[in-house]
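Both complexes shown next keep chain A, but they swap its partner, so chain B is in the first and chain C is in the second.
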Partner chain A sequence: MSLLTVVSRAGPSVRRNLLGQAMTESVRWKSDDAQVSQPGYITKRKGKDVQTKRRKPFPQFRPLGAGQLKDEVYQVVQAPKLPEFHKTVAKSDNLVGQPVEWNPTETDPLRIFGLPKNLLLEFRLLSKPYSVIRQVTKDALETLNKAGISPSSNDRWVLTGKPGSGKSFLLLQTVEHAIQNGWAVIYIPRGVDLVNSTTNYAYDIRTQIYVQSTFSFQTLQRMSTVNKAIFENITLQKEIVLEKQTIPAGTNLVQAIEVAIQERKKSGSVASSPAILDAVMRALDTQTDVPVLLAVDQFQALYGKTSYRDQHFVPIHSFHLSMPRLIMEYASGKRSFARGAVIGAISAAQSTNPLPIELRDALELDKLDTRVITEYDKRNKTMIGYTQGLKKFDVPEKLTLEEAIGVFEIWKGVKAFGGDNTFYDETFLGKYTESGGNPREFVWNGLLSNFAP
Partner chain B sequence: MNVLRHNLLRQAVRVSSPRIVTPVRTFSRTHIRHEAPSEPHFSEPKPIPESPSFYTTRAVYYDQLSQLEKTISSADYFLRKNHLLPLPDFARASLPELHPMWKDPSEMASEFKTKMTMTRYRRVTHCLNQINDFQRIAQVGGCPELAQKLQDILSMYESSKKEAYLNKGKRRIATLDEYGRSYTLGKRKTSSARVWMIPVKTTTTDPSPESLLGVEGKQRFPVTPSTILVNNLSLHEFFRFPQDREKITRPLKVAGVLGKYNVFAIVRGGGTTGQSGALAHGIAKGIVAHEPALETMFRRAKLTRRDPRMVERKKTGLAKARKRYTWVKR
Partner chain C sequence: MVHVLGINLPDGHVVKFALTKIYGVGPHIANRLCARLQVHDKCKVKDLSPFQVTSLASFLSSPTTSPPLPRLPLASPDFTPPPSTISTQELQARFNEQLKQRTIKSTDPLRNLKIESELRREIRENIAHQRMIGSYVGRRHAMHLPVRGQNTQNNAKTARKLNRLERN
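So, the complex of A and B:
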């Protein structure tokens, strides 16, 4: 601003700086009323107590103390207090729709054996394993209790139902119930991992099948951890002849499995695991002290095509792989536990492992599959043999209102949706209607995908 | 002798000029005189016809027309006597508007048993309009009996298509059938949805011991969930996206009838958004059919409004409806 402009204007000249704050020309001049000092004129100077207008100080942002964080976002969500699954199931009164929680111990199957991906994600979101007791849960647990007396060849069930109807959850509930009631549990949460070529395999001349050593080792290790107390009381009937050593008959299963663990620790080799696993399973077959539950999720993967190929790049059948073969033998009744059951759960989520024709025929699942399959479609005879005697356990697609309320209460309790102004009853009934009662649709595409406030 | 002469005269007349019009009567009379007296015609007098238009070709038409004109004159006399005619202009203007719809010429032809040419039709309708006018005046002027009588006469000539014609621009009100179902149509873009809605049956449960003793704690209200079937699939199977599903349940939420009705729909045409919008429209109309009191509220919430947005056409010189081609400087 030049001198001339200052003189020509009536009032004090005002300039705006970058911050948008008006700054007077007194940046250059000492005061607004400063007289222009021109030669010949004597200017009166103002007193020294004149306050010069300064630029406003830039505000300094300081973090708030913890006590001042009053917003809802900072509030710690109190986990809903729900009864324990085992204690609730033990009661005989009507508990359909009752939401329950699991407090898994260190050796709980869902920690050690793992979980299917969708359940894992759900429990991570909920920050704790929660579940709801449905009518089908009661039926399944009742069936399991009855199955504990008879050989497993009499109780080979496959949980079937529409996608999202709660088969994996039901399988987990049966596994948890079994372990709590003193069963020996072998739980394979992801059946696709057996056939998708993620674990190593090697051809074994003796058995003429491809052994999956790493998976066998992992299974042994997990079995030992979960069923430690039970395995300590079961001994091998026959000795196990390995390459480098022989495990004598009479050693308990924990010690037998320890051999495999030590071998891996020392030399990193898991070559003896398949043999030890086979022996352990045979020991479990014969003993009658404890019922054994073999639970496999994504069951349909075992009966379909595998991603494994042999040296000629020919696909390997699943019954030529040690782990799927072992499970299928128990599932078909070729091998049987003296007391126990085999329960599988099919899953529609794996697009690379769809429901195979042989299993579809055995379980009469025409309505589940929209593919047109005729009598002229090729079926593998060996596979048909492995599907003999499998029984269907249908999981209803629709949650009843009470069950849906239980699911709703869990998600509402962890504050996964809704707020102060939410009409929870309208949300519940609206989402229930939209999802048609399907559990997955109700939770994932309903409560968690809520557009309305 | 007479006969001969008569005959000769006849012959002579015939030959000379056939154009001479001889009175037929003379011949007929003379002829008859000589005939046997067995003919009964002239022994008895002819019966007098009931109406003066008996000998006209269009007896029914003239009859009815004369009846109408008589009605006009008597009504006119009555109204003048009661000082209702002549009406001043302001009074005539204040009369309620009436839209008469008379039978069309083809319909009247069967009534009058004659071909209704324009002239005849205009004559009739002119009389009817006048009677209609008198009927209005009588009704408003406080002569109910006359008004009723005139209305009875007019109703004979009113077209059966009157109802349809009057309701032409108006929306058709959906009604419930004998089972209590509503059938409505919803549309959006190029999709259409045919929606049937029926109230959910609430089963009456046996009274619990608590309620019988009267020591009920919490009163539990039975909640019934609605089932929505679209093309015989459940809603979550047909509409995969949550926003489509929410659109469909919005009318039910606004009305507060989430668990009250079961819905069955057949949707056709368009894509997911169009079909879900059409279904929502159909459900909204169905709710209004079941609960007419909610009509105003739904109209204000624009739920019963058929979304007029359609795909805009592509224009020449443009890549799409609005998209222009890349502008090139040179």
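So, the complex of A and C:
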């Protein structure tokens, strides 16, 4: 490269070091007179006189101390004092529309088993679990009380209804009622998690299905925590033969579950959890001391397609996965608790898990689903077998006026909307009419989307 | 950190996406590999069992010589598991005996999988073949110009940088 090329180039100049190797180096061309501009400074040139003027510094904003936060926005909202759920339903007088609260204990199902996402979000906004006793709540609890004396094969219900009608809330109310009345409760709040390939799975040559060890372990742990007092009095009818040990017959269920917990603590393995879960469920099948409630939300996910694939990349059916198969066996009556019930709730919120054809046929939900389905559409025979005997329990689409008042009082009590100048009765009637009484529409698109002062 | 064929897979990465770091493995092949190893979609590299890691490494080191996958029997609704007096090893041995009596036709698309150095070699050979037969494609590779009919009046900078006879 010639010297002229080096001088005339607009880019970085090429310099050569002592070894003659080219080095590219960016060189800033500075004149002796110019002052390099720096941020915060204004440079003026008048001939050779250079004047500098400092920019005014931006004011420093410091946060206020806690004692200076006197605006209404910062005031702690006193939670409304409402009667507790289980004490209220124990009364026999007319309670429709009564808002109630839950004060969950450390071992409450809604703490340990968890909640569906929509309920979790609502309780976070409310800062505490509140609910309203509806007419359908009273009917459901009455049905549950009657189911407590007969085998679960006689009481297999699916809560159905339009989106936003309150199925998940009703299921939670039945779970809370059951636990308060001494039932053993197994609650799965998100049925989608069983089939969406979020937990591990492995083929088991003995049972010839794909076992979900981690989910089985989590279910065992949660069941043991919630139903500890009940499980201490129930013993295994048969021994459980595991790979490294045998749990003898006569061991109570808490000790049997403790074996799985200790195995995980020592070696991190949950391989024996599916076998222990199956044995625990069989022990619950035969005992008659305590009724058992198996409650599953997002029930339709169990009957649809799964995201799991086998080694040949063929999708795995839900009845070949251990957890969905276990639930479907109880739901179809192939297995039964001596006393208890199986209740599921369908959900329209999961677009990846729509209502399957087989479940729609079994529950006669043609009006609920707008898809046109004919006799020529393919149905899985095995899946049809798992839907036999399911009964639908319709949740009304609309809140009655009393029930809507109860919901309104809860959200007004936590000051989620409104203020000093709000005409609450006008707001209530307006939003109730606009939503048509649908609970989700009333709360989310009505009360919480309200900009009125 | 898990090392597979000299490639480091970070612990916090989801396995399905971490496998795409291997040259020759894209999202579809990674999905198939996860299904082959019974790895669920949200599994992270640190959650892989040692058996799964060794299976992955042994398969990827030589996909063509891997044993054909059997079709696993699946339980019918009325299936009753065998009693616990029969051990798992015995059940596995019986299953292996049944497999030997059957001839397994392998239709596994992963058997012809090429990765890393084998894949690079194949690409180099393909380009060399095009040059050897004197084709238009070969000439374009030799001239570091676009091969597939793109405009060269403007752009074509990537082709000028990457297209060559000795590629990768």
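The rule we apply is simple: the second predicted complex is superposed on the first by the 383 of 453 C-alpha atoms of A that agree within 3 Å, B and C clash if a C-alpha of one lies under 4 Å from a C-alpha of the other, contacts with A are read in each partner's own complex, and residues count from 1 in each chain.
One rule holds for everything that comes next: contacts are C-beta pairs under 8 Å (C-beta built on N, C-alpha and C of every residue); 3 or more make two chains touch, one makes a residue touch a chain.
All values derive from a computational prediction rather than experimental measurement.
Of the two partner chains, neither chain B nor chain C is touched by A:354. Of the two partner chains placed by the overlay, only chain C lies in contact with A:200; chain B stays clear of it. In the overlay built on the shared chain, the residue A:385 is in contact with chain C alone; chain B does not reach it. Of the two partner chains, chain B is the only one that A:435 touches; chain C does not reach it. Look at A:334: by the touch rule set out above, it reaches chain C but stays clear of chain B. Taking chain B and chain C in turn and counting the residues of chain A each one touches, the greater count comes from C.
In the superposed model, A:243 makes contact with chain C only, not with chain B.
Applying the stated contact rule after C-alpha superposition, one finds that A:208 touches chain C and leaves chain B untouched. Of the two partner chains, chain C is the only one touched by A:313; chain B is not. Within chain A, not a single residue is touched by chain B in the first complex and by chain C in the second. By the touch criterion stated above, chain C contacts chain A in their complex at residues 31-32, 35-36, 38-43, 47, 69, 71-77, 79, 81-82, 84, 88, 91-92, 95, 108. Partner chain B is touched in their complex by these residues of chain A: 401, 426, 429-430, 432-438, 441, 445-446, 449-452. Residues 223, 225-228, 234-237, 240, 242-243, 245-246, 248-249, 252-253, 258-259 of chain B are the ones touching chain A in the complex. On the chain A side of its complex with chain C, the touching residues are 196-203, 205-210, 241, 243, 307-313, 319-320, 334, 382, 385-386.
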